[in-house]
């Protein structure tokens, strides 16, 4: 004959063991899945491709980049095609092929040579835009570039564009790294903000 | 001598107390971490910077914005630089400096004055594009602007651009708020969609 | 008089039943909320609107798209307005209205007719850019288009633009689907990357 109390006791122990297993499974699941989920949340990053070399668009890119960096975002600017002119500091012609020299002469040697997308018709567009910005105490492009560096915005120049256009690393801002499209995608995929300007 | 049954009972109580602690910890963790995670999920928002004042790009921005709003996204348009012309309703010259007046005369006084990025060579581009849209029963830009408002798309004009270009709030659409880059970033960071047009 | 042991036993059973309820609630909650959260995580997708028909911007779009696809992203390109020229393969004039025929003659009949946004002043820009790319062994646009298809990048042509510009599906690349803005938004909302080029 079975002792009722013992049966109760052993049934209780079984119940407890069952709950212990469920709890362990749940703890393990919460651990694993929350870690996986956190890895896939948008990161506190902002990544901007600057393709354009138009003064107005370059200004927009730096205003957004410095804004994002001031809000605590890990911010990166990827300079490609005409956008490379924004981080160019000098123009070299030596050791370049004919088409590379032509390209060098057709693109600005530094940020001061950039012209806006509109108002360029009598060559005075850049002067007028820069003067209007100065009148309203808005930072100049060069001040915005310096501010971006101070705020830790990462600069990367597109290797393929540099290669195609014949731009050498020595011609660019010393704080500018060189990288491929994978470098941009590494920053942009899963960032909270990514823009093509 | 120890009573075996009592020992069993007290061991069971200890086990139960241990599991109760683990369960409380897990409940607390799930509460805290899920709340944190939900705060970092992309929000049901779409944020578009409209930088361009080209009729074709402005149309693209409003088509995407009204599309996103119809799909239940909280949608915002941030008008900056040439894009301000899309929400301009009249042109004022009084009380403006020489360069502000020049800028006012060089930019369209309202959305009807916008021209496309291509086909502008004989001035007929805007007429032709608007006519082709009407022939195919596609909403005009003015209808899209009205639709965007009806769908609750939020309009913000870039304060800095207005200041630099000398555009006054009275010249803009009455439903357009005025805000800085932080206002755009507040909408765009963590939105499900952010575009620079 | 109450049997103390029985009381203990029944109290234990109540405790156990209480914990069982809490555990079931937590299991259910973790199930439901984790599923909801996972649905809202950014998906392994990249969605690009190609609005521009400038050779340089089209190249940038295909370089980013093939890069994202190689990194395992489900990648889609949505061709709209001038960007339709990138997937055009021939130009038809028959059965089109006057303005549709004018539009057809003013836009390139295929990707080989695209010109860059800069350097177009003496018509030699496209030749020069393509030659510089070939010299540096960078894939041509046509190779990038083929690579994109091989990597499974999805092509969608904007139905409204096709309609407005009078472009027929037969004029486009056979692998290009036709869809509206909702199709782009379906890809872009919640993607890890979305760009307007």
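Here are a few things to note about the model shown:
As written, the chains take the letters A, B and C, and residue 1 is the first residue of each chain.
Simple rule for what comes next: a contact is a pair of C-beta atoms (placed from the backbone, for glycine too) under 8 Å apart; a residue touches a chain by one contact, two chains touch by 3 or more.
Just so you know, these numbers come straight off a predicted model, no measurement behind them.
Viewed as a contact network, the protein chains are fully connected, with every chain touching every other. After Cα superposition, the angle needed to carry chain B onto chain C is 120 degrees, rounded to a multiple of 5. A straight line joining the Cα centres of chain A and chain C is 19 Å long.
Among all residues of chain A, those that touch two or more other chains are 5, 9, 12, 16, 19, 23, 26, 30, 37, 41-42, 194-196. The touching residues of chain A, when paired with chain C in their complex, are 5, 8-9, 12, 15-16, 19, 22-23, 26, 29-30, 33, 37, 40-42, 49, 51, 53, 80-82, 97, 99-100, 102-103, 106, 160, 163-166, 180-182, 184-185, 188-190, 194-196. Residues 5, 9, 12-13, 16, 19-20, 23, 26-27, 30, 34, 37-38, 41-42, 46, 56-57, 60, 63-64, 67-68, 71, 73, 117-119, 128-129, 131-133, 135-136, 138, 192-197 of chain C are the ones that touch chain A when the two sit in their complex.
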